[in-house]
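In the two assemblies presented below, subunit A is common to both, partnered first by subunit B and then by subunit C.
Moving on, here comes the complex of A and B:
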């Protein structure tokens, strides 16, 4: 009878263990269906993020490699080179005439530029770019290292032409009348500066700023600047004798 | 000198013009040192005309010849100078000492002319030369004046192109500066 009792007890324990196990399983299953899915989803998301990061890194490396290649050419440089080629091509117009430009070259008198009437076949003589008054805006300064070939015994030094006044007359708009000042350092140590008052005009057709001595002043120097580099900010300037136009010095001017 | 129509007034007007011009050249040299006296163009002319002499490789022969000629003329016109050049053996103009000294003087002249483009360096060089002449007792300002006259008389003989105005206006200042530290 002891043996039977033992067997019953064992089977009861087994049943209860099995029951507890099933209960545990059921409970676990009930608890785990949601978190498992979420974790799997999170895993996939972080995986994608890692993948994107890697792609970004590769892209970054490529960008760096690309940046190490030479940069794009500055459009200003292209304009300057084109202007210099243009001035070497010798399609210069005769005296007192200006080039219309464009595909079919045409020269017209420089008195006809920017006067409100189209005289070029392509109408370039009234083009807002050609008729830009920017060169003569009061306060514009053109600076460059002046080299002297005569008149002044001096090593190269900075020369400045500054526009102090400008006026365009309604009845004669083909010129802008200007007042300007030419100044340059004559002694580096004592910082002595010569200032020469000038007056003259800007000629649209020839893109030239022509300056002579101011009324009542000693006729020492005049200045001729050609804005021949394709914009209003760069010019080739010559310091000349106002009477003979004999060249004393020259400088390549930049608007400052 | 304008509007002279008759033939005989032309020479006088030309003379007058030259006179005025010469007077102007002298007075401007005294008045303003910078712009007019020995101007940039004067300096270029002097350099260009001087350069003609040194075309050959045997330039030192020419320098010695020209230099000793200048010094001998100076000694002839101002006899007291002979004593000053005793150390360099002026009694024997063919001697090595005197040849070397002639070369020295001509080289100094050459240096001055080649420094005309650089006024600051020229000033320094002239100052140095003034010091060197200050140390020689008996050298007088009048000697430099005579030397200048001899130079202006001799240069046109060796130079085909000689712009007297430019040379004069430049060398006046140069000789004055070299003799500026002398007593008499």
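Moving on, here comes the complex of A and C:
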């Protein structure tokens, strides 16, 4: 049995040697033919990688420095500034006329804005931005701190104009007829609120919301809002006497 | 039986060898070494990505430095300045807002620095060069003979005397076309004019005997547009206005 064991051991060793020999062959085949060439190649590759990483790092540093600079101006602010400059500039349009805007100034009657016919030479009177109905969407609310110069003896307080109904007639699209309410606080201790129903229209050419007393109501107040800040969300509003248009108070309104 | 045992043993060893081989192949397959081409492709790809990132950053910088944007901002500032009270007396030029200083109009673009900040010699490129054409669109017109909707201004030639560079002299043609029901009017009126660097103004002397001249006001930043007022040269009263744009 000793002989058998010995024989078995030898055959196992022989087999394991064969195995290692095969392994070596496989390993050599797997490795590239020339180890020095391979190392040179890897050297160049890793250096190139390092170089790229360094460039990316430098770029990242620059980007961080750039981020620290003041950010770009909000286009909305630029629009407001433009609109404010425009309102300071001498507007040559006579009464009941609106400015076509654009590069070549032209005035046309405000009854011709948004009526479906191009009346401005540049067609601005039918521009979707000019003819936006967003101002009169039902539920639109414009609020601001009202300061009174007459009519009402009270400290500055919030006033709100809310559109409750609007209608645009097919045969006369130059106006949008609206109903609205004006509310403001008349007593800051008891929070008593006055609500005045109004009706009127929106004028595209002059970008004005003109409101007077509702039918059958006492003619106390009217409201005129000018959307002259370059968008549909900000307006300069005046609370006026509906007959004389004498100004009672004013507020700078923001849609909310 | 001993032979049988030895055979079984050999078979077992062979099986072991096969398993070993299988393991080696599996390990080799798992650690698949990328070929040289693949490594180079990866390298090229990461280089491309880096280039893309650099270009994106450069684009961000360019957006801030865009000359058209700077000109637009300048035009807006010019509108504000027009609304403001003039900060210099008549016939004087404002050097600039960071260092306000008034110098005589005649010193602007004369080749000698008169402003402390050198502003008077910085903007001396003529917007109306020989060969330039500007087309004007009507704003209002109460006085011209033909009442055209458009008029074209062609700069024929520019002469800048070497000893007096602040006011180049221009030779221009004003072309007018007008179609009415009865006739078609066409006119090309030669005229003389000057450009004033101090005021960014183009002044065309009356081409006809009606005493109507053209004053074109650039805003100082936008060189492609000016407001052209037709004025009575005697009373300086504006009686017609056209907005001129450079024809490209």
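We take it that the second predicted complex is superposed on the first by the 187 of 256 C-alpha atoms of A that agree within 3 Å, B and C clash if a C-alpha of one lies under 4 Å from a C-alpha of the other, contacts with A are read in each partner's own complex, and residues count from 1 in each chain.
Definition applied: contacts are C-beta pairs under 8 Å (C-beta built on N, C-alpha and C of every residue); 3 or more make two chains touch, one makes a residue touch a chain.
The structure displayed is predicted, hence computed values, not measured ones.
Student: Please work out whether A:62 is in contact with subunit B alone, subunit C alone, both, or neither, and reply first, second, both or neither.
Tutor: After superposing on A, A:62 lies in contact with subunit C but is clear of subunit B.
Student: With both structures placed on chain A, which of the two partners, subunit B or subunit C, ends up touching more residues of subunit A?
Tutor: C
Student: After the superposition on A, what does A:171 contact: first (subunit B), second (subunit C), both or neither?
Tutor: After superposing on A, A:171 lies clear of both subunit B and subunit C.
Student: Just to be sure I read the superposition right, which of the two partners does A:52 touch: subunit B = first, subunit C = second, or both, or neither?
Tutor: In the superposition, A:52 touches subunit C alone.
Student: So in the superposed three-chain picture, is A:153 touching just subunit B, just subunit C, both, or none of them (first/second/both/neither)?
Tutor: Touch partner of A:153: subunit B, not subunit C.
Student: Considering only the contact definition stated at the top, list the common interface residues of subunit A for subunit B and subunit C.
Tutor: None.
Student: Can you check the complex and tell me which residues of subunit B touch subunit A?
Tutor: 39-41, 43-44, 116-119
Student: If we count contacts the way the header does, which residues on subunit A are in touch with subunit B in the complex?
Tutor: On the subunit A side, the touching residues are 148, 150-155.
Student: Spell out the part of subunit C that touches subunit A in their complex, as residue ranges.
Tutor: Counting only subunit C, the residues touching subunit A are 2, 5-6, 9-10, 13-14, 16-17, 20-21, 24-25, 28, 33, 36, 39-40, 43, 46-47, 50, 53-54, 57, 60-61, 64, 76, 79-80, 82-83, 137-139, 225, 243, 245.
Student: What residues of subunit A sit close enough to touch subunit C in their complex?
Tutor: Residue positions touching the partner: 4, 7-8, 11-12, 15, 18-19, 22-23, 26, 30, 41, 45, 48-49, 52, 55-56, 59, 62-63, 66, 72, 81-82, 85, 88-89, 103-106, 121.
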